[in-house]
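Please find the structures below.
One chain, chain A, appears in both complexes that follow, with chain B as partner in the first and chain C in the second.
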Partner chain A sequence: MRFYEFEAKQLLAKSRIPLVQSEVANTAEEAEKIASTIGGPVILKAQAIAPGLAAASTREVSDPGAAKAAATELLGIDDGGRKPRGILVEARPTGEAVYSLSFTYDGTAKRPVVAAANMAGKIDDLADEHPDRIVRRHFSALFPFSDYIAKELAKSLSLGGNDLKRMTRIVSGLARLFLKYDLADLDITSIVKLGDGNFVVLDVEADLEIEARHRQRPMLDELGFSKDDLRQVREPTEFELEGARIDAEDPRGIISPIAEFDGNIGLVIGAGGGSLTLTDAVRKHGGRPANYAAIGGNPSVDKARRLTKLVLTKPGVDKIAVMSNVVSNTRADLVARGVIKGITELGFEPADKILIFRVPGAWEADAAKILEKYGVEYCDRTVSISEAARRAVEKVG
Partner chain B sequence: MAVIVHEDFQFIVQGITGREALNFTRECLQYGSKIIGGVTPGKGGREVYGVPVYDTVREITDKERVDGTIITVPLAFAPDAAYEAIDAGIKEIIIITEGIPRKDASAIVEYADLHGARLIGPNCLGIIVPDVCRFGSLGGPAVDCRKAFKPGVVGVMSRSGGMTTEICNALTLSGLGVSTAISIGGDPVIGSTYADLIPLFEADEDTKAVVVYSEPGGTAEAELARWTKENDSRLPIVAFVAGRFMDEMPGMSFGHAGTVVNKKVDSPADKMRRMREAGISVAEEIGDIPGLVRERIGN
Partner chain C sequence: MAMFIRVDVDNSVIEKTSGLAQKLVEVCPVKIFKPGSAPNTVEVVEENVDECTLCDLCMQATEGVKVVKLYE
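Up next is the complex of A and B:
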């Protein structure tokens, strides 16, 4: 879950990481005032989550009047259906040297890793063109972080004297913060060495490990991060919110993630990997999915019923495809009963609304019997995922 | 021959009295697996389908050889359960539990490494060698499990538990069958990646080819591609990458926790390119996998 940069900087400030002077403005007037307090050139950063906004969400200006005009413009940008959460107005010092740092988990080494470069930018973006300017050190999530790891990293950046000591303090502080707050990624895309020899952090991107959001609640509360704010790249739609409600109201099994697309084939599909594969398969055969869903963990009849009704009543959807990988834990018969119930409750004939029913595996014989009663063909495991998707697309026309 | 498990492989289940654990314990026993004990704190002295339940792992390891453990305890207790198993000397550890933050997963892997133990998962369904041993919850009820997994020549590694069964089912239907299948887990940090495990398949004389199922997110496919280039492997590899539609939806996450794409190497397009360059066959559809395997093994 992405932090707004002003939140990430609050975390850094708590760990005494030296930061450039900055303040959040909620109006253009406030932005002008902050800019004049800072004096000199400033950068304005609209606080936004959606990807691909980097260029659109920042402006560098040289005087407070220009800051006001830029802020007016930035406050109007579209952050995936949201307004920006204010504007970060910051000093833009230049210095004799610039560095960048990146903390993440290396899935190959299975350890946290810090990378540093003697240039500004996101290390992931620098890695292709400037591999020689990047140095890396793994560290441990099991043992406490030891400062020498940061010192060795600073040394490999060719730093010495006070520079080495100052950079060591920054890297150590960030590594401990990264572990303490369960961050998944922390990118310091620019650290400048000022004329007085001090380092100061300019630009920060930070992501929280989504699975740690419950145990990090105290930190999130302190930042004013609300419980239902999952920082998706765009605002959830009414369809998605209702899907999440259905999922939350019944602990038996899961049907999420649910996402809304703009196609016409309603998808009642599962499970985690099966839904990814099935969505690709529908598209490959020229179909346009109306939604995404991921049924798993043996959902109740009621959950399958409510998901079916949600998908089938989505504007533009006339028919649904019920498909999954070969199930082990989820019961095919319970899915069949839920789907049939959902359709009949809406006053339709199951045979008119089901493009295909391909849920092989546990309790498949019972599922086949239920469907037979309603004149719906049951596809067993001999019908591949690709073939099931092809037939569904063909039938929807 | 088989990978990791064998005919005499005996294991325990930590969290054996949980709902999911009760199911797969019964299913494993019906499949013929040797489960010699279970652990649930406070429930020592009971039995689950004839399997004795203990309060601690050491009560079992003190008197019997324990080759492996399946951990399926609630999220908050998973790291502790893993440390208990590792300290008791168990070397093959499967964690089924979902939702373990990567910091904890990383710490568990490091502890396992220090003690010469191997971790499969978290967020996985374990290992099966058809008709020999099922060590985990792959395949569901024994009767369904036997339909999807028949002994054969193809090793399978998958980031999705459900798709492990789907792919093995396709291989079984085609007559190729499965040598060993491993559900490796869908999390960003897992104990054993494709590249960690493929040398085991390489050494397994029953395995003639390997199929991998992959998803957006992470570096495991790039690592496998590198391994393939650097090692003169006898094994042809066929890969399938799901979630290609996510390439058009930057920043969105679907399915497993590991499927967040925020680095270049994470995207399905990048994964497919790297694997093809390394000589790995990339299947367009699941249904194409058996044919590609046959082409590669000349059968």
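Up next is the complex of A and C:
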């Protein structure tokens, strides 16, 4: 769950991380007033979370009048079907050195990791272009963060003396904040060393691990998150709303989350936590998924039927791939019944509409018999996820 | 109309055992049975038949119920 930058900065402020002077404006007039108070050049950042808005949502201006004009423009941008949540007006100090930090989880090491660079930017991007300027340290998610790790990291950036002490405090504070608030990512894309020797944080991006939202309710309440605010990057489409309705109306199994794409391969996938892998596999083989829909937890026949109809009637979709993970407790026969039923209710032949049915799970023998009756081949776990995706992509042409 | 499962009920067998009809209604996990119009009998809820999980609880309770897989 993405925080707006002003919210992320509230968290940093609570942890006494030094921040550049800033304030949120809800109108262009407020932006002008804040810019006037700050004095000098300011940067205006529309508080938006839709991807791809980085350049469109930021303006640097030199005076309050220009701030008002820029704010008017920024308040009108489209944040995935929403208006921006105000404009963050910030001072733009110049400094003698700039650094960046990034906290995330290293899936291979299965530990949190902090990376730093002696230049501004997103560490992921910097790592591609300037790998020699990135330093990293892993740390424990179970034990308290040690200042020693922060000091090692700062030392690796060639910092010494007071710079080393100040940067160590910032890295330690951010690491503890990252762990305390169950963040999935925390990117500080620019930290400036001011003329007086102090560091200030300029640009922040933070994501909460979505599964932690219940545990972090007090913090979210403090920031003003409503309970149903999952910070989707855009407003849900009719397709997604209907998927959510189907899921909500029948407690048996789940078909959530469901997302709409603009591809042509309908996906009825999931069971055993494989839906992301399956979607990636389809893409890897050159396929264009029309949707993402994780179905699992032993859905009812009716739920599988309704999802199948929803996906197959999506404009641009002619065929569906029904696939699940290598290991799954979901009953393959019930999924097969639902899928076949959905297709026949639409007046189609299952063999014409199913690209592949690869659902290893319980009651496989019955699933195979059901599919055989309708001329569809049943694939078990001997067909790998990648191979299943490849066959689906090949068939759709 | 169910496509995959057929449930045959012989109420002449079910009504001979007191409380059996009610038990069938209660235990079916997908609500395939509802009370019949006559005492101690059941009717099949056709729209739920394809949801049958093949748990066989009904067939274990009485010979008056038969679950048939239409795909075999």
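Going forward, the second predicted complex is superposed on the first by the 255 of 397 C-alpha atoms of A that agree within 3 Å, B and C clash if a C-alpha of one lies under 4 Å from a C-alpha of the other, contacts with A are read in each partner's own complex, and residues count from 1 in each chain.
Criterion: a contact is a pair of C-beta atoms (placed from the backbone, for glycine too) under 8 Å apart; a residue touches a chain by one contact, two chains touch by 3 or more.
Everything numeric in this text was worked out from a predicted model, so none of it was measured.
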| item | value |
| --- | --- |
| Touched partner set for A:T344, first chain B, second chain C, both or neither | second |
| Touching partner for A:K369 - first (chain B), second (chain C), both, neither | second |
| Chain B versus chain C as contact partner of A:V327, first or second or both or neither | first |
| Contacts of A:V301 with chain B and chain C, given as first, second, both or neither | second |
| Touching partner for A:D78 - first (chain B), second (chain C), both, neither | neither |
| Partner chain in contact with A:D352 - chain B first, chain C second, else both or neither | neither |
| Chain B or chain C, by number of chain A residues touched | B |
| Which superposed partner A:L179 touches (first chain B, second chain C, both, neither) | first |
| Chain B and chain C footprints on chain A, overlapping residues | none |
| Partner chain C, residues of chain A touching it in the complex | 300-302, 331, 334, 337, 340-341, 344, 363, 366, 369-370, 372-373 |
| Chain A residues within the chain B interface of the complex | 50-52, 105-108, 110-112, 124-125, 128, 140-142, 179, 182, 184-185, 207, 209-212, 215, 232-233, 257, 259, 270-277, 279-281, 283-284, 292, 294, 296, 324-329, 360-362, 364, 381-382, 384-387 |
| Chain A contact footprint on chain B (complex, rising order) | 20, 23, 99-107, 109-111, 125, 137-141, 144-145, 147-148, 158-163, 165-166, 169-170, 173, 186, 188-191, 193, 195, 213, 215, 218-220, 223, 240, 242-246, 249-257, 259-260, 262-264, 284-288 |
| Chain C - residues contacting chain A, complex | 3-4, 30, 50-51, 53-54, 69, 71-72 |
